[in-house]
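Paired with chain B in one complex and with chain C in the other, chain A is shared by the two complexes that follow.
What follows is the complex of A and B.
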């Protein structure tokens, strides 16, 4: 406690020195900004298995948010000079750790956005806490970010494993698939998903016959599928993601389990996965989706803009990054500074709507952003009317039901 | 191949000792090196400077084995990583100042190295490299599976950096560098003492002609084990500083690619030179940092190409080649009638 005070004091002193050195910035817009500018950094996978799902598209989405902010406020904007920078963490926690430190210290980033891969996101959260700078996570799912490992400067914007399990696990069980076998990649995300799914399935009156860990990443799932099929479950739940999921689904479809009446439920699915494998491979699969580009006019209009910029339709992670950057800029506008504590104060507790957040609330107690989510079904090839038209939205899960309550998160800041 | 390079370098070394003009030059070098070490965080980003210094000691520690004992260890990540984890755990759970944690990590690395060394030194050459690689992988998987302790895939996060309550050192990478540098310099000094002691001379004798060393009555295996454990201890010092500097320990520290990287650094700089490790670490870390911040993906591609070029063009490594050229030039200056051929492989006879 004592050392925290001293540290805060030292930070304030350093800040004052820096400000003195900068002569107070340009001052044209009246705001109080370090170095006279605002720096948004996107830290994600620019080259590996999660490149398509967020990657360069998320950087573009953040740039779109900056453009919209500038357009909305024009001369009234509290800061003119807004920079968007990015870095590649290759899904490795140690690289994410080093890059986050660099972004905050060397590039003067005021906020880090995105950060897929749960272990990497946890490392960045620690850096955010130490540097007293913001981190809004969009693409990592672990509940620890806003649970046991939560901190004042970290927000979780789009989804978490609880939400995925609660939507898919509960609904599929209630629809009659009572007996489950789970197959999961043996690292933070897979372990957390399995815990959340088991809880949701049991809560809905189902049973989990077994949970089978696999290496990560992995190519050959045949033995795991055979093992899972041997207990004759109603459904096999796979927690694989990205490239692994694609292999898993291909091998499930070839295994003959489908013909024996065993269904496949997918823990985390992104529209980019469906796109790369084709709707026919996934047709009929139910899953929970935080956002879909073709839900309504507003999302479709935004998706058109995104496609114009990047050539593809947006995944929910792209839209989430846009929303996070936009809400951050709005908070900066209200706070008139880039000082993290002031901006956190503006964000926490805010209820808002935008293209991504429907009935959104940035919960003050654990910094989890709750919003309406959706149970989706993959269309049959005959139902697809245009490119990227892959999903039917079955039901809307209201924000309060979709996410854990603040008490359940177990966060104390 | 390694063997032949080793032998040539050893001759160069012996040559240098005989020529004897090395003393003054050594002081100039030492002073230059010290100034460079102190100036480094002013010139490059401080955490990168810390990485360079830690990798330099790592490479020097490995050079005791490769360059001076003729043992190519391909499992040194086991000591680098296990010390990093132990340092991280001590710092996290006991709240001691970081140098204490680092020493604890280094001691742990030495304890771990003892059985590994005992079993590995029964083989030499490529077999020794493979056995150490296998041990390295075993340690890696222990770290991976024992996730309750090591955090598994998530790594050991939020390692504190305590230093007697001195706030600047604990929070600012720039000041931390100066607090941690003495530990690394001490390690380098220890390495220098080891290779220039009678013990080090025995190691060189074992490297150059093991049967003869045995015939002279030296317990070859014992010497190799001691050299291995000392090397692991110095590696541990470097690994511990690395862990504290990053405030984070990842599985990568135990991965075989880390062993590969340090072998590359040592060969790049020039084996059997000690200074080569420092130069190699500076080049490789700076190159990786430059490529990473330029947004270029193929870091391994470039370092690999550089490595191939160095092996083709500078058989003795960069430092080794420069050193050799310098000696040749000196030789020619002091005795102009001698040809270079005399100066090269055999050296002057006493």
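What follows is the complex of A and C.
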């Protein structure tokens, strides 16, 4: 009799242990949520070169999305306990890989957001696929995430190299700068951008006179610029980013190429770059921007809130993280669960608008989020009316034209 | 021909930064026997200080060229008194590690205070634009950097050869034991020499401010090339550091022009070749390496 009790007890204990190992049954709040709560994790660069453009500001933006969700649904919200956590991947793919595992397995993350640096984002995409959990990329630009290496659980929210190259390359060529010289850092992003730019320029009827690789990082571009200028191009396109971009622009301005009528087009530029170098140095530079804080009343109101929280104006990466988190929470609300497959089902194919996404569509076929993007020109110092008022929006590039088509992206899930 | 001349001046301008900073590195190594890994960080601090002085006090480049080296000298003296001096009697590796650690701390502090995207800097109007020399159009700022650093190198050379202080420094750089044996108190000069070397790195940083990105990381890559410069010139050789600085600048510029993919590798190929042929560097003496 006694031994039967013991056996039953042991069986119950084993069952409990097994359940625990599987991540537990229904949560404490009774809803269909693992551990009774929803966990959003921001994995990005908290200390290195991309800290200002995304970093802690993006964590804040995700928290703003959670606050807005709670305010909107109140008691009707399907989940009360929402946690926002963050980790620093130092832009290294190996660290991103371990951090993603840790977040999904031990921190109970339902979704990972942001992840700048393409190689790091690709590592996280693989973890998302293996763990059957969501990953929404905001800050990494490689087209592979929703192209050759796409998967069911990975979304690309803000931009990619195709969109940057297509926007700037095509529009600048069509506006009359037919002859290009390209200068690019000799690593994955730079090579990828150069390919996309070359394709876009040729497609618009222009020619690429030369493409010059540079070391990365590099602080001396004087000779590269002289060489690029020697073929008398209409425009020099630079794929440099961050500190290297600032080196490049300072030295371009000193080189005298501008006075000879040679324009500068920048592959990827963030508002934080303009802020750090000063608007006078960048004046006139053209680039493609997925979003700008001072576009309309709605973006401005959001930027005011963001500034109140962080002390700076938001970059497009900050706004992109807010939008991604908000749309994810909306999808969870509709699915009434944090189960990844159900949430993916709610996201895929959804057409939506928010402060970041204008005419947005979460494309079902490859999970690339397409939306209107903008060709921007940096203002002259005399046109700047307030801090961070740096950009003129030259053209709106409609969502369907800005991004590769689902066929072009070459994704099969 | 025009292009070659242009590359040459660009190379000399790039070499000016290396020459100035390497001069400081060589003097410190000579007198203290310290391989100062923090030299890149001191270069960065020079640029950051110039940017902060411009932003807060409105001090232009001209004033910064005076004020920053003085501030950096004081900073160097403090660092030497607080940290470096205690490890001087031990294996040189200890000070190498100390200065490496110091680099990490300084870079991180600047990141915490000023962020990572860099600080703006506006050069004086007179240095903007171009000048024409013998049919070659050159940015004025590059010419200025070159002339200025040559002037400083000449001044330092005069200081080293014409003054008593300089002679003591040179003597203790090249034959420390003998200098001590002759009754010269080498120890007295250790602290100011360290400060002087740091000031030169800071001066190179001020010169870089209008022309390069002012970020916490700007010294990291710079320091690595700086070590190649010092090895090429010969460890502890003051003339060698200057000559090698300009030489490396030229190699970099012509590399960028004719073999862009290999521009940075070429510097290290040159270093390897020179070590192979002259293990003590271009101007180093064999005994300096012992």
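As a working rule, the second predicted complex is superposed on the first by the 383 of 413 C-alpha atoms of A that agree within 3 Å, B and C clash if a C-alpha of one lies under 4 Å from a C-alpha of the other, contacts with A are read in each partner's own complex, and residues count from 1 in each chain.
Assume a contact is a pair of C-beta atoms (placed from the backbone, for glycine too) under 8 Å apart; a residue touches a chain by one contact, two chains touch by 3 or more.
In this text the structure is predicted, and so the values were computed from the model without any measurement.
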| item | value |
| --- | --- |
| Superposed partners chain B and chain C on chain A - clash or fit | fit |
| Contacts of A:307 with chain B and chain C, given as first, second, both or neither | neither |
| First (chain B), second (chain C), both or neither touched by A:256 | second |
| Contacts of A:47 with chain B and chain C, given as first, second, both or neither | both |
| Chain B versus chain C as contact partner of A:214, first or second or both or neither | second |
| Partner chain(s) touched by A:130 [first = chain B, second = chain C, both, neither] | first |
| Superposed model, chain A: greater residue contact from chain B or chain C | C |
| Touching partner for A:359 - first (chain B), second (chain C), both, neither | neither |
| Superposed arrangement (fit on chain A Cα atoms) - minimum chain B/chain C Cα distance in Å | 6 |
| Chain B and chain C contact sites that coincide on chain A, given as residue numbers | 47 |
| Residues of chain A defined as touching chain B within the complex | 3, 6-7, 10-11, 46-47, 88, 92-94, 97-98, 101-102, 105-106, 118-119, 122-123, 126, 130, 187-188, 216 |
| Residues of chain B defined as touching chain A within the complex | 45, 47, 152-155, 157-158, 165, 167-168, 170-171, 173, 246-248, 250, 252-253, 293, 295, 297 |
| Footprint of chain A on chain C - complex, ascending | 3, 6-7, 10-11, 13-14, 108, 111, 115-122, 128-130, 137, 139, 141-142, 208, 210-213, 215, 217-218, 221-222, 252-254, 256-257, 260-261, 263-264 |
| Chain C contact footprint on chain A (complex, rising order) | 47-53, 186, 212-215, 217-220, 222-224, 226-227, 230, 242-247, 250-251, 254-256, 259, 272-273, 275-278, 280-281 |
